[in-house]
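Per-chain numbering from 1; labels A, B, C, D, E and F assigned in written order.
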Amino acid sequence: MTRTTNTAQYDINSPENLARRKHGLSVLSQIDGHQGEAVIEALADINPAMGHHVAAFSFGDIYDRPGLDPRSRQLVTIGVLTALGGCEPQLKVHIGAALNVGLTREEITEAILHAAVYCGFPRALNATFTAREVFATRDDPA
Amino acid sequence: MTRTTNTAQYDINSPENLARRKHGLSVLSQIDGHQGEAVIEALADINPAMGHHVAAFSFGDIYDRPGLDPRSRQLVTIGVLTALGGCEPQLKVHIGAALNVGLTREEITEAILHAAVYCGFPRALNATFTAREVFATRDDPA
Amino acid sequence: MTRTTNTAQYDINSPENLARRKHGLSVLSQIDGHQGEAVIEALADINPAMGHHVAAFSFGDIYDRPGLDPRSRQLVTIGVLTALGGCEPQLKVHIGAALNVGLTREEITEAILHAAVYCGFPRALNATFTAREVFATRDDPA
Amino acid sequence: MTRTTNTAQYDINSPENLARRKHGLSVLSQIDGHQGEAVIEALADINPAMGHHVAAFSFGDIYDRPGLDPRSRQLVTIGVLTALGGCEPQLKVHIGAALNVGLTREEITEAILHAAVYCGFPRALNATFTAREVFATRDDPA
Amino acid sequence: MTRTTNTAQYDINSPENLARRKHGLSVLSQIDGHQGEAVIEALADINPAMGHHVAAFSFGDIYDRPGLDPRSRQLVTIGVLTALGGCEPQLKVHIGAALNVGLTREEITEAILHAAVYCGFPRALNATFTAREVFATRDDPA
Amino acid sequence: MTRTTNTAQYDINSPENLARRKHGLSVLSQIDGHQGEAVIEALADINPAMGHHVAAFSFGDIYDRPGLDPRSRQLVTIGVLTALGGCEPQLKVHIGAALNVGLTREEITEAILHAAVYCGFPRALNATFTAREVFATRDDPA
C-alpha cells in the first residue's frame, strides 16, 4: 500500500502513526493497566515521541505478536529488568503486568530467586523488594 | 538434624555436599544435557568449588524448586543473559536447555526480540546470533 | 487514516510495514552502508522480525527524525555502545557509520577517551581497539 | 551419607537446610552484624527462600571458606557492588561489613577511588557517597 | 622539566597538582557551573582525592582537549550515563552541562530517545525523567 | 609552583606530562609487567593519549597512592572486572598483576567464586576461565 499522504514515517502524528499508537495503547492497557498509561502520560510534556514508541512499537508491534504469550513475555521482562538493575520504576509496572497476565505472586518471587543465580543476589534482592511494594499496593491500594 | 560428622559446611566433599552435588548434577543433566556437564568438567582443574556450587546450589537447590517450571525458568534466564551481555557461552548452554525443556525455536527468538525493547537491540542481536549458532549445531551436530 | 486492509499491526509483511521497512532500509543504507545491510541479511533466516524492526523502527522511525543530526546521533551511540561493553560487533558498524556521517577518526578516538571518564578504562580500551580494526579495514579493505 | 529423611534438597526447612541456614546466619552475624540480619528479616514475608540462600549459601557455603580472608572478601565485594551500580542498599551493608572485618575508612575510600579507573567516576561517586552515609551513621547512630 | 620539589606524583596537594586542580576546576565551572562545583565540595570530607581527580583529570586533562568540542562531549556523556543506569545524580549534572554548552532541550530528549534503541526503553525512560527534572529546575529555580 | 612553560595541561607531551607518564610507566611495569606495557604500546598508533592516561593517571596518580596496598588493589580490580563482564582482555592483564603482587592462584579463584554471589555465576564462570588461561600461560609460556 503506497502512502496517500505526504507525511514522513517519523512523524508520530501522521494518520498511520496515530493508528499504530492507538492500537498500541489498547494492548498496553490490557497488559499494564493504569500503571502503563501513567508512564505514557508522564511523557507527554517531556518526550511525546518516546511515549508514542512505547505504545506503538513496544506494545503494538512487539508485545502483540502471537509467537510468545503474555505470561511468557513477562517472565522474560522480569529477567531483563532484574539483571539491568536501576530499573525499579519499570520493574514495578511489569510486576503488576505479570500479575495481570496470570503469573502468581509465588511464580514472580521464584523467577527473581532464579535470576539471582545468573545476575547475583544484590540485583535479585532489589527486585524482590520491588515485588513486595507491588504486592503491598495490591493488598492495600489506599 | 545434627551433624554426625565434623566436616565444615564449606567442605564441598563432605558427605552432605557430595549428596547435594550428586542430586544437582542429575537435575543439571536433565535440563542442560551434555553442555552443562561440560561446564562442570571444565571447572574441575581450575575451580572445583565453583563446579560444585553450580550443580548443588544452582540446580539442586534452586532449579529443582517446584514453584516455577523449567520452561518458565528458561524464559527468565534468556532475559537475564541477553540483558547482561558478554555471556554468550552461558547463553549457548541455556538456549540449548530451553529447547530441551520444550520451548520452540520460535518462542526463543521471540523472547529475544521481546528483550530488545528492554535492553536494546545490540544485546538482542548478539543473543539472536548465539541462538542461530545453537540451532545450527542441533541441525548439524558434526 | 483507517486501515483499508485487515492485516495486524504486528505483521511485518503487511503493506504498511513493507513501506516502513523499505524506507528504514534506505535510511540505514545511507548511514551504515554495506555493514548495516549485512546485519539485516544475517537476520533473515534466524529472526526476520528483528531485521524488520532494526530497519523500520531504529532507522525509519528514530534515526530519520530531524531533531538530532546524524553526526550527533553517532556520538550518542558511541557513548552507549562503549558503556555497554560486549557490543563490539555493533560498535564496529557504528564507528563505520560515524565516519560515513562526517566524524573524523580523531573525533571518534577522542569520544572514546572521553567515555573512559564515565565508564572506565577497560570498556574504553575495548572500544578503542574496535575503532582500530575499523580504521584498518578502511585503509586496506582487502 | 545417605538421607535418613525424605525431604527434597530444595526444601529450605529440611533438617539439613535448617542446619545450613543456622550456620550461615552465625557467619552473617559476625560479618554483617545487625544490618545483614535485617535483610534476612525483611525477606521473611516476601521470599523466605531467598533469605535462606543468602544465609546458607552466600555465608555458610562461600563466605566461610578458608581460602580467602574476610578483609579480602570485602575488597572484592566493594569492587563488584561499585561496578554494578544501583546496589547502594547492598553496598551500605557491605561497607559496614568491611569496617567490621578490619578495613579502615581510608582503605574503603581508596578502594572506591581505585575502582573509578575501571568502572568510571559516576559509579565511584555513587559508591563514595554511600560510604559517607555509612560512616556518618557510625559516628552518630541516632 | 624536572621536578624541583620532592613531592610524589600521587600527592594531590603538591604544587603541580594544585595547579592541575586549579585549572581543572576552572574548566569544570565553565561547563558544569554550580552543580559540578557542588559535587567537588561534597567530596571534600569523604574523599578529597576523588574530587581532585574529577577536577584535574576529568576536566583539566580530558575535557579540555581540543579534539572534541564540548557539545559533542556532552552527547557522548549522555549516551554513557543513559546506558549505565543508576547514575541519575551524574546525569542531572551533565544534562545541565549539555544545556550550558549549547545543546537544546529538544536535542537532549532526542539523544535519549535515540539511546533507547541501543540500551532499551527502561534506561531511556529513567534518563528522560531526569531530563524533565533538570528542565523544571531551570524553569523554576526556587 | 607556577608553570614556567606555556604548554596546556592537556598536552600529553608537555615536560610535566612526560614526567608523569614516565613515573606511571615505572609503576605499571612493576605491577603489570610486560602485559601492561603491551597495552600501552598497542595504543601508540590509535590513541596515544589513552596510553598516556593509563600510565600517568591510572598508575602514576592512583595505583601508586599509599592508602591501599597493591594486593588489596588487585582484589578490588578483580571484583570490578568480573562484575563488568566483557573485559576479559583486561582481566587477563590484572590476574597476571594479581600474581605479581603476591596473590596466590587459590586466592584469585576464591575471589572470583566470592564474586559469583554478587554478580552471578555467568560472569564468574567467564572470569574463572580467563584465570585458567592466565595460569596456563604461566605454566607454559611458549
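Here, a residue touches a chain if its C-beta (ideal position, glycine included) is under 8 Å from a C-beta of that chain, and two chains touch if they have at least 3 such contacts.
The chain lineup, named per UniProt: A, B, C, D, E, F = 4-carboxymuconolactone decarboxylase.
What you see is a predicted model, and the numbers here were worked out from it, not measured in a lab.
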Chains touching both chain B and chain F, listed by label: A, C, D, E
Co-neighbours of chain D and chain A - touch as defined: B, C, E, F
Pair exhibiting more inter-chain C-beta contacts, C-D or A-E: A-E
Intercentroid distance (Cα basis), chain E paired with chain C, Å: 26
For chain E paired with chain F, centre-to-centre distance based on mean C-alpha positions, whole Å: 24
Distance between the centres, which are taken as Cα means, of chain F and chain A, whole angstrom: 40
Junction residues of chain D, two or more chains touched: 49, 53, 57-58, 62, 65, 80-81, 84-86, 90, 109, 113, 116-123
Chain contact graph, described as a line, ring, star, complete graph or other shape: complete
Chain E residues within the chain B interface of the complex: 116-123
Chain E-facing residues of chain F, complex: 1-5, 8-10, 15-16, 19-20, 23-24, 49, 53, 57, 60-62, 64-66
Partner chain F, residues of chain D touching it in the complex: 57-58, 62-63, 65, 67-68, 72-73, 75-84, 90, 106-107, 109-111, 113-119
Chain E residues touching chain D - in the complex, by the definition given at the top: 39, 42-43, 45-47, 49-50, 53-54, 58, 80-81, 84-87, 89-90
Footprint of chain B on chain F - complex, ascending: 85-86, 109, 112-113, 116, 120-126, 128-129, 131-132, 135
